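Read from first to last, the chains carry the letters A, B and C; within each, the first residue is number 1.
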Amino acid sequence: MKGRMLLAGFGGQGILFAGKLFTYAGMLEGKNVTNIPEYGPEMRGGTCNCSVIIDEDPIGSPLVLEPDILIAMNLPSLDRFEKSVAPGGKIFIDSTLIDRRTVRDDVDAYYIPATRLASDAGIAKLANVIVVGKVIRETGICSMEIMDKVLEKVVPPTRAQLIAPNKKALEIGYRFV
Amino acid sequence: MADKVLVKGNEALGEAAIAAGCRFFFGYPITPQTELSEYMAKRMPKIGGTFLQAESEIAAINMVLGASSAGARAMTSSSSPGISLKGEGISYIAGSDLPAVIVNIQRGGPGLGGIQPSQSDYFQATKGGGHGDYHLIVLAPNSVQEIVSLTFDAFDLADLYRMPVMILGDGMLGQMMEPVVFPEHSERVLPEKTWATDTTKGLRKKNIINSLYIKPDVLEKINFERYARYAEVEAKEARYEGYLLEDAELVITAYGATSRISRNAVNALRAKGIKAGLLRPITLWPFPKDAYKSAAKTAKAFLTVEMSMGQMIEDVRLAIDCLRPVHFCGRTGGMIPTPGEIEAKAEEIARDF
Amino acid sequence: MSTVFERPKALSDVLMHYCPGCTHGIAHRLVAEVLDELGVCDNTVGVAPVGCAVFAYNYFECDMIEAAHGRAPAVATGVKRVLPNAVVFTYQGDGDLAAIGTAETVHAATRGENITVIFINNTNYGMTGGQMAPTTLPGQVTTTTPYGRDPKLIGYPIRVCELLSTLTGTAYAERVALNNVKNVRNAKKAIRKAFEYQLAGKGFSIVEILSTCPTNWGMSPVEATRWLEENMIPYYPLGVYKDIGGDK
């Protein structure tokens, strides 16, 4: 599928990293991709977001104003972006940190306690990658095989010991129902 | 061919400059181009190049002048207020017939303005900025891959025509990540720099790099010669990209970041049955006038989209001799126009067709 | 018959534009003699200023660059970074070096940029007709201080060698004068030492040369020399202000 994704959360939650994973995956699958971190008049202190577009066709504006996929890793992000999601789109919510449901009834919402799952599995910093696994399962935006390759590519050789926990996080998210 | 890699615009520019043979970068911190300076600071020492943080933008551009005089490929980068400071040096580089590459990652102005993306330095880049009769070649990429290819072109064109070349970008392009392929080297054959002040080594008469001609008839002659070269640049180097122009009744025209947003608007307008097309100048100087003239044959109106109060609109009107109405849709101060805003303006114009 | 005096090879065989009695000509000659003696003219790039010495690019036989006002040290930096083994010097006046180009001067020095600066201090902007310079003395009349420089209004002169001597990057700073034969000989020694330091890679070297400007001072050359001795040397004492020595 093609995808206009918006990933949002607090700085330090690995939002940009998750965005980079999808962008890389799209690139390795031979599609057109763009990725742009929050830059522009919408910039606010403390929160962090990035726009990722994966498309068969050439991409115009890299800014995602009406996402098909929204990943909200904290409440301010959900508050701010849920109204902009395209009808029929999908919202992924870290339900450990966000204690409300979406107000939208024309989208599919997925609630995954990613932060708790991560800490239960002893990979506390990888809630972002758990959500990535869930997104892959629910949207098919890329294959798990490609994402495995992406992780090997994106994690620098000096930190190769991080590949295994990342793959574990991906798996946890993918299997979560 | 090399592998595709995913890179940010700012870093792609730096890496392309290195691949193009630039070994001397003189910088000064200013948002939103600092990442490029930082990238060069990290990379240059690893490849035997020089990164030097100057005491000011003025010093940095004059270091470029010195390095270029000595025959090297040299570059500096800044953002709008810093480019104003470089104006003096740019004029001297133009007046001394030296190649140089200057990057402007534009931000909102005037004055200290803001740090968000902008295109309000169009006049400064294309009409002057410094004093005197001169031009810069101004290149306006709209993708990370094009940042790479135009950076190669910038160095080549600067050497070929012995004139400063500006890469005019904005914060959106600088921050954006896209897959790119880096070419190994340039294909062009370039003249030897026999004019360089790289010491005589006892093998030739001395060279002088100079922009002072105290006798008016001599200065006039030099300026005439330089403008003959500019005419050649205008004839040979104007570049643009057309999208759905063949039958376009409404020609939307934009460069850089706004051209990407405009492309979305064109697609949406076509879906609504409005014959819209996109004319994107890649060189802002020389301005691709012929492309506008030919688009004017089918066009009923033009619409320029800019992150400014409307600057390129003047060149569009001149290019088509005001034969068609030229409308404007823009945001300023760091605000980015949305495809929806452009569509609304376009639909308003198309109602009169 | 043997030749006892001739034009240095590094000095161009052209008519100079300097006013009668001006000491720029002597300073040029000393620099050229040193380039000859060190045998480096064909490995040298000079940078001319804006000011009376603006045409210096016509007077030296090495490659020359004409810089914007005050920017010569930045231009020289660019050249030196590309050609680290070449000899690179700037030739600048007081307005160029110590007013509009103060930042470029101070930062080239503090970087320890391995270049040589020849600094002509004649207490006024000569080329534009004798306006106040950063080195104009208290009470001195110029066209922009018609009632004499009043420090209460416009402050005090800058002592460049003293200022630059505080910077770690400055390897050598000496003030000399061109008022008599002995001092001219000393000036040449200082210029030679400055270039030798550059050749040895020691860092930034500057020779400040107290010079006369008979035209704008409104004096005969002899009167101007006396004025330099009576007014400038007491305010700008001659001597070595920084010398990191031979071994660095």
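Here is the rule we go by: a contact is a pair of C-beta atoms (placed from the backbone, for glycine too) under 8 Å apart; a residue touches a chain by one contact, two chains touch by 3 or more.
It should be emphasised that the depicted structure is a prediction, and the values quoted were computed from it without experimental measurement.
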item	value
Central subunit by CA centre of mass proxy	B
Between B-C and A-B, the pair with more C-beta contacts	B-C
For subunit A paired with subunit C, centre-to-centre distance based on mean C-alpha positions, whole Å	64
Intercentroid distance (Cα basis), subunit B paired with subunit A, Å	34
Between subunit C and subunit B, distance of the C-alpha-averaged centres to the nearest whole Å	39
Touching two or more other chains - residues of subunit C	none
Parts of subunit C lying in touch with subunit B, wherever the complex brings them together	41-45, 47, 54, 57-58, 60-68, 71, 74-83, 86, 103-104, 106-107
List of subunit B residues in touch with subunit C within their complex	24, 26, 50, 52, 54-56, 58-60, 62-72, 74, 88-89, 92, 96, 197-203, 206-212
Interface residues, subunit A side, partner subunit B - complex	20, 23-24, 27, 33-37, 39-41, 43, 58-63, 65
Touch list for subunit B against partner subunit A, complex	4, 6, 32, 116-117, 171-172, 175-179, 260-264, 267, 334-336, 338-339
